[in-house]
Every structure is written in C-alpha cells, then in structure tokens.
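To keep things clear, I will list the structure first and then write my remarks on it.
Labels run A, B, C and D following the written order; every chain starts at residue 1.
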C-alpha cells in the first residue's frame, strides 16, 4: 500500500535514499532452483552505472551489489532475495543550500506536502533516480526467470532531444548499444551534437524509449483491471521522468480506422500485423509486446531558476551537485527491468491456470 | 491478484458478462456517513448508456442500478456497497456464428489461450465493454467522496477520427457536452461528418480523451512504485481500447528542454505553469491533474475480415451484432470514473499521514 | 484492506446485511473449466440453513442461491463468479427497540465506535452471522477445486455446552451428521438434554469444532508470515463467535516435551504420529491438517441484561428477534468452508513453484 | 503473496537465513516525523538475544542492528525503513551431517517438498528462529507509533514445561521480567528446576505466553475477514513453534453460557468484565486486548531420533549445533512485536474513517 513494493507473485520491495548509507531491495517469490550470482546482477547494474557517456553525471559509484539472502550453493532457494548497494560517492554538502528551497521540476515541494514538512533534501533523498538501482537488480533476476521460457527484452532510445531515429532504425533490434542505446552510430552522432548544444545552453534533454519483449507466451495478463498493458503502464510510469506510455500503435491508433488497426489472424497461430503491440483484451497474444515511454528532460538545469523557500518566500536558485544532462540513456535499463518484472510476475501468475 | 479488483483502501471488485444475467460490483472501503442513493449512481450510468448518439450501438439497456448492501437510512455504513445491473437486451444468438472463430482486434484469441480453451463467446463475454458499468457505478461513489474535499473531474474528447479540436478549445472546461463530450458544437459537427463517412465505409473510429482533476490536494500518491500518475496510468490503460496514456506534456515533454518544461514555483503555493500535469515525483502538487488517453477504433467493423477458427483453419467472417462505431463518447464517463476511483483512494490513503 | 475480501489467488469478496436486500459475494481466481452449478452451491448452503434442528433460530430462509456471472455452458470460465442470496424473512421491526442501545456481547458498540456513530442496527447488520452465507457458497466452489486433487475436509462438533465427546469418537470420521455434526447419536442425545436445560434457563451455549483436511499435498503454505496454519487461524478466527484456534496438539503441545511431540519420519514419506497437525515450518507435510476452533455461546440470551444507550445512559434490555441457542451446529459448515478456501488458495499459489 | 511481507499500511518485508550473511527487513508505511534511532531498535533486539538465560542456546550474536534508510536527522521520513543485522557466529559445519536427512519436528521435510528439493539446510535456513530478528526490530518501530496514542503491550510467560503460574500472578502486570518473562521469582524458580530436569533428560520444553495490549482505542479491526483477532491470530500463529492462539476466555468460552460470557456495558464507555478479550464483532471495544499463545517444545532434542534421508531411507540422527531448550523466553518479545505490528497497522488503517 505504501508504494515501495511492486508485483504480485514476484514482488520487489525497494529502499534507500540518494545520500543515505545505500540502496537495495528484497525480491520475494522467485522460484527455487534458479542459478543466480552477484555477477548476474552486476552486469545489468553496470548498464545504468553513473559517470559514463556524454550525457552523464559526474557522480562515480562502483555500484557493487551484495546478495544478502535467498541463495544457497549458487541457486535460489525460493526464499526472499535481498540485495544491497552501498552509496560511496555521496556529497550531501552539495545540497546544503537547498535545505529550505524547492527545486522546480523536482519532487521537493510535493514530498514536503506529503510527509508533513519532513524531507531528506540531500540529492532528492528517496525521490532520486538512485532508487532505480533496486529496480535494475531485481529486473536482472526477472530476466533469468524469463529466459527459461525464452522470453527476451530489447530496449533502446528512438528519439533524443527532439531528434528521432529513422523509422527503419526503430525496428527494434539487438543492436541497441551504449552510449544512448541508440539504433545506429549515425543517429548517436546526431545526438552527441544535440548534447553539446544543450550543455552549452545550461539546459537538459528528454527522449523516447522503445521496448520490445519477444517470445512472450499467449495468455499473460489478468482482466479486467490488471490487463497486461495496464500493469506495464503502471510499471513504466512509476519510473521518475516518464510522462507517457503507449502500447503498439499507441496514440497513433486514435487516428486509424478499425480496418487499418485490426490485426488479422493467420493459420498457425500468427497475425498478419502487430498494430496491437502484443495484447488483445489485455492478455498477451503471442506477438511481441511493443511499448514506448516518453522521458522528460532532467529538471536540474545549470541556470538560475525562480522558486520559493519553505516559508513561501520567493527565491532564485542555481542548482549545484552532479547531474546527468538527460535521463536517457541511463533510464533504458531501468525501463527494461520494469518490463521484465511485470512479465516474469505475469508468467508465474498464469501458472495457476495450467490444467492439473 | 486475479485482476477483477482495483484499488487499495477504496476497492472495486467487478463481475459480469455481456450476455450473462447482469453486471455489477462491490465497492469496499467507502467511509461511513456519505449520503448515497441509487439515483446518484444512475445519473452517471446514464452518461454511458448504450443506444444514444450518432456513434452508438443499437443495443438498448435501461441499465437500472440496484443497491444491494452498504446503505442504511440513505447513508453509507462503511460496509461493502454492492450494486447490480441486470442485462435486459441480450441477443446471444447474434454471436452463434462466432463460437468457433476469433474476431480480429478482439480478446477472443487471447482469452482462448489464457483460459485453456474455455470462452464465453457471446458478445465478448467478460471482455465486453459492458463490464465498464461497474467502473462507472463505483466512480459515482468515488466522486461523492471527492466532492467533500471539493475535488471535481472534467473529461471530454479532444480528438475524434483524426480530427483534433483546436488547442484553445481543449483548455478543459465544464462545457464538455453530449454527444461526444466535445468541446464545442462546431467541433461536434466536424465529428458528425466523420462518423457518416466511416459508417458508409463500414469502418470504425478512435480518438483522444482528456481529463482534468481540479482542486486535488497536494500530497497524494505513494512513491516509488505507486506514484499518482503510475496508478492513474494503470487505471486508464485497464479500460479496453485505451492504447496510450500521458500526463501533463506527456510525449511532447520528450522534445522540450529542462528550462522549457520546469514549472517555477510562486509565492503562495502556486506555479507559473503546469507542464508537469499536476504531479512532482509522483505526488500531487496541488495543481490540476492533466491526463490524456488514446482510444483505438472499435474492432467490430462491418466488413469481411480474415481470421482463423478454433482449429487454426483460415476463415472469413462478417461480424453481426450491435456495435458502436466508436468507443468515444461512451468511454469518456468510464475514464472519468477510473480517475475518480484513483483519486478518492489516494485521498483516503494519505489520511494515515496526517499528524495525530 | 477494508476487510471484506479474503484470499490471495482465490479471493472472496463478500457483501450484505442481515436485514438488507440480500447477501452475496464474488469469487475471483477460480480456474476455468470447473463444472459448477447453482445446485452444487445450494447443497452446502442447505447445511447452514436457519430454522432447523434443536438449537436453531426460528428465522426461515430458503437461502436460494443465484449465480450471476463466471459460468458458461456449465463450467467456470476463469472470470469472477458472483452469487447472490436474497433475504426473505427479514423482520427489522424486531430490532426497533435496539436502535439506540448496545447489546452486550454483540458488535453494536464497536461498530458504533468504528463507523463514526453510523450503524445498521437491524439484526446486527453486517455483523450478523448471515454474512457467512457468502463464505459457505464460496467454500463450495473451493471444495470442487480441492476435489480435483482428492483433498476432502471433514468437520464436526466435538464438545458442546461443556460436554465433550469421548476421545475415540473424535477421531474425525465421515460420520459427522446433522444435527450438531455430532460424532455419535449417543453424544447427540447428551447435547439435546443440555440444549433443553439452557433453553429453560434463557441461556445459550458454545462448543468446540474439529476440522480435518485429508490428502493435502505437501508443500502448501508460504513462510514466514503466511504459514499455512497462520492463514488457517486467520480464516477460522474471522468467523464471528470463534475465540480460539489450534493446530495438531495445540495448547496441549505446551505441556509436552520435544521427545513426546516430535513426529518421526518413516520410509515412504509418512510419519509415525501427527502431533504437529499436518504442517512443519508452516508448510503442509502431507499429513492430515488437524484444526480445532473454540466457539463462544451466542450473545443473544433470553434474559434481561444491563447495558447503555447511545448517549451513555444505563439501560436494561431484553433482546427479541429470533436467535439460535448456539452457533453450533450452523458454524460447522462455515468453518469447513473457510478451511476449503485457504487450502484451495494455497494449492493454486503453490503451482508457481512447479518446475517448468 | 509469497509470504515474507506482513501488514497492510504498515508492512514488514523480511529476509535472511540462519547461516547466510545476515537477517533484516524493510518496514514500509511508517508515518513521517517519528523519532527513531538504532538504539530504540537495539533495546528490543537485546530482549530476544541468544546466549542468555537458563534455557538458552550457546550461540552468541551481538545482533547489532544497522538502519539503512528512511531516517533523516533522527526522525522517520515516511520512506521505507530498512534494517540489517549481520550473522556473526555462524557455524554451518554443525549442520553438515544434516544435509541429506530431515530432522523430526523441523521444517526440513516440508521445505524440501515445497521448494522442489532445494533447501538451505544450515541451521534451518529461512525456517530458523533467527528470522524473528526482523519481527522484533520492526515491532520496536510499531511500538513507537503506538506510544503516541498511549497504547502499551505487556507480554510474559504464564505456563512453562507444564507448570502454570497461579491465576493471580497472571493478571498481566508490567512486572514480567527476565529470565522467562515470568510473573514472579517464585514461579521462575519452579521453572528453573523444570529446565534442569529436561536438560538432564536431553529433552525440551514448551509453554504458554500471555499478551495484553492496554489503551487500545475502540474501532480497530476490519470486518468481516480482517477482524482484529483474526489478524492477531494470523500474526501470532505465523511465529514458528506457536500451535494455538486464543483471545479473551478463548477455549474456556466454549464451556460458558451466554449469561456468563457476555460483558455488560457500563455508563461512561466501560464494561463490567472482559471475557471477550477486548473485541466485539472483530473490532476493538476499548477494553484491553487479551491474547494467549501455545508454544510447542523445541524440536531439536539431544537424543537419537528416527527419521529418513532425502532418498527415503531410514536414518537415526543425533542433532548437534547449539539449540535453546525452550522457545520460551525468547519468543516473548517476538509475540509482543507481532502484536504491536498488528495494532499499529490497524491504527493507521482506521484513520481513513475519521470525519473530514
């Protein structure tokens, strides 16, 4: 209820603040017998690690994960898997000047209202993107569950700073690569230029992330309220900076007619097209699940901004600290992880339906 | 877990099929002492009633709601409020020819896969839009809870069949009116013409619905996984035909820079703009909550379509039965109801935080 | 959260008051393909029907159940199963004198406190034993799920009005029969005499119910908080009038030594004894699940009692209406149903663990 | 769902094994603004610390708790409170001989069945009493929430190894003291003798714990399934070794008549007696909540026992390792903590009902 647990049979409970001792989580409901090591999780954490790439923060974190429970002799035991990543490169002093002012576009004001005037103002506290470490770590476990059924998830950036990749590029391939998880080097070069431009202007950028889940078995999703796309939308929109989510044709479907948008069924269990994006009536159809998420520009810009202090008086602030210029590309592994958590959970949930 | 319950403290459990005895629900968690009558609920149900307007189905349903529990002497008692609407105008025979074929764009195939080959094929069974009766009825109660705190929800159509209302019209006003919940008569006339065109072509249309919730107190929403917009996205995307959801600038935010997208705070608790759409860090900021949902065209077109039967053999079908030409406008009260359920639930949930 | 839903994958949501229109429920999560008819449910409802037997109320209710959803062509579809039983023999006037007084031993005072002074005082309203209709109806479905795995539940009364059946009788057999669900005619005759004695004194009686679930597969129950016996205790203690629950040796285990209480394992998967009552570490061991529940005497006695009115002033009341002299035997089918709901739910939940 | 999370608004998620790196938990839903330090939690942990008292294990653990999140400047922030206690005195080798045999009375066999043959056999793994560290730590926070409303919980042992304290002693007082949390020194001396006797016989002992919660406001508990005593029974029965739970008169109520068992209401909001044990209709009445739990003797006896190995072959084992002779007295703080978690949760949940 209190918002720090996600999932039904596969449940992640997350904890930690940006400048507290560390961040971590507990993943409950993972079946027994899955081979799992810290290295498996570390590989995914390294993809979202701070301090790398053209649009990155200056913060350096090793982000070394430690498994605290749930593993014995290299396999999961079916008991909760707890993991922990210590914060190492905290610099709470960077935020001293912000103790009594609210940064525009940040959670500061809303947390102040929600939590009765109490707020860990150091780097956003719980509202920091640093909490996504737990999502990525848990997602790595979910992906191992999915792989048993051959389900794989591809995620990449298809638009950055207003510059979209070409449609043929965005046919999601395994080629999505660092930096930016861009579909091609050519497009990555255009985005590099956009980054330089924004940096010079003391400004920040957003973009659009596309996700495809392949080999998803038909039958996942729980009508009527927990349709697969509804839970996926919940999952993606729960990531800070995401402002929109669509499945298949998404907003474009509003402009199609029924005869354009319907996907004819073919003999053999396939479909002639995938406008739907992999679900029918909220249940996976066996087609690829296709999602897109809109990511807003980072709120911490390197310009003076108008705001108010905790007493409501006008203030002008210039935000220090170390900030990414864009949530892209570090948000890509996070959205991929959330997709994995939803699909692995749905997979486990559907098992109750299998004939005895 | 099984998908037919929505909410945390205010929970709707829904039941019923299109051509079974009826549809209904149980709303648990409504505080005691709220004045509530069948007429209160009927008023909202009448807004989504079938059989009216240019884009409507021919199905006629009185949709008379009956309260079965939870009310005593005209007020809620704090116990579950059960309500029931009998199906009256069923014509299951219309669907006899569809017993062994899967309609493209419908849930048929996916339900068949999920539920082990078992399926109530009459009018979509549980996957029919008829289940939204329960959402609207429960939403009417949620709105009464919200009204105690002065929260009101406006919802309307801002784009239909590819024809968008003008930006100045879409400043959401209380003017949204039947038919279409269109922002102006001029726009409704354009949409009338689009309907005629589609009907002549045996085709169907989609559109975009906008929702604004006003006077929402700051502090609602539960970080990190149950951010207010995440739960709202879940709620809206759980409505059949919705393919995308966005909050505030939504997908447009991906193209803005941070300096354009940030909303400066003003002395007195306000903001200079509302690009965010009413939340910061997943918590309501006190600004209007602004949402948009993309609605796909109805899958039941009046044209022959290719598909397969339950044995995987190719079939050509022409769907009979009575079908709306667009889910707009009947989906508007449904999306409004889902928004109300989320906000009333969030309001009750936030009360635990109030100082003793 | 609000207390009217029970279960995890198999979830019962219940509604209805003693003297409102009726009582019913929604059972979500039943797998598709189970043969189910109103007659299946009616058979169990008839076991708890009012108006029969020596210790019974005078209230006459046909308790005819109607299925409103979730069934098609005689089998469950995997969608919510809603059922409804109309109240027919209401006599709210019997309670008119109790509108402003609190009956001792009843929920009246506590409901008044909880629900801010609002209360349906007619026959206890929601706090009436009449809500158990929904438990029994849902339990009938759960039992059909269990039967697929050969699990059966026996329940009977082993002590009534202070008169215990002999130990050899309480080896739970299928012989438990109406009235009282007593283990033998000899014991039932002793209890008849006790009923007459109590009736003459204007007093009421309690007793102890024993439940045995046979053929329960090993592996059910979720450590550490949802141990099988913990969820069973929750289920049984949630039935009005139950004041204690024990598993296996129960309170007697507190007086045994470890060497007396341990159950040695035998080759072939069995055990030399069943002091544990069928669980180890909160997980079913494959032995019979053995439970006992203590049932308090009915609070509505035919004697004048001291109490207070809603303004806190002293009152003397004599409760009218129609009341059972003991919750035994009508509570027996209710406790059996709750056991079935827990076990069927646990069975579905364990399926996620089965190897792919 | 997977059993390692407990609570509704105040939710504890627990993790850790007996001989893994450590044990801990995440407590979500604690309101902001509560003063909380590691010392607050340590004080309660010290009450259940191993290695002390006549009936104790030889295992030595400092059990130093570390807070990992949710606290800023000495107060809770409303975000998840994670805590961790490293295991220091593991001796997994003690259990090497048990890798392929099932200890009678332990979870070994049932875990093996549940988790598909996978099992951390070192000291019971997750099934060890060591997991109760998380319960006690979270309970310490719950108690601080309760103290704001003046609610206090007293718990002690009233029967040990078959020797009951006298009835006048068991009027629960704050006098319950270490060792045994016995009601008097005289009774503790009797129990000392019983311990020596059992130790000489290589045997173990059980007992009965009584709990009283005072100043609990009326109105807590959620009918019909989450009656306050049902959730309390769930909570207590979820603690390993507990085999029975009763409220108020408990099993004795089955032998009383209604006129004996009813508690007359008195002017001023009080009652003439408290047979009910503090609830009416599943809702707290404002009287003391009175609970009793039966604790079985420890399964690890110092005698040879018959059992089978993982291939089903007969084995005779003698359990090594370090084991308490009784779960009493270390279980007393655990049961107290579980009671606190339930009551604090119920208190937060009831706030939604407060008039606006």
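Annotations for the structure displayed:
Definition applied: a contact is a pair of C-beta atoms (placed from the backbone, for glycine too) under 8 Å apart; a residue touches a chain by one contact, two chains touch by 3 or more.
What you see is a predicted model; the values in this text were computed from it and never measured.
Comparing the chain pairs B-D and B-C, the larger number of C-beta pairs in contact belongs to B-C. Distance from the centre of chain A peaks at C, each centre being the average of the chain's Cα atoms.
With centres defined as mean CA coordinates, chain C is found 38 Å away from chain B. Between the CA-based centres of chain B and chain D the separation comes to 45 Å, rounded to the whole angstrom.
Within chain D, residues 1-5, 8-9, 14, 29, 31-33, 78-79, 114-116, 126, 223, 349, 353-355 each touch two or more of the remaining chains. Residues of chain A touching chain D in their complex: 1-5, 8-11, 13-17, 20-24, 26, 28-29, 31-33, 66-72, 75-82, 84, 114-116, 118-120, 122, 125-126. Chain A contributes residues 1-6, 8-9, 12, 14, 102, 104-111, 113-116, 124, 126-127, 131, 159, 161-162, 198, 201-208, 218-227, 229-238, 240, 243-269, 272, 276-277, 279-286, 294-301, 303, 305-308, 312-314, 349-350, 353-355 to its touches with chain B in the complex. Partner chain B is touched in their complex by these residues of chain D: 1, 9, 29, 31-33, 78-79, 148-149, 223, 348-349, 351-356.
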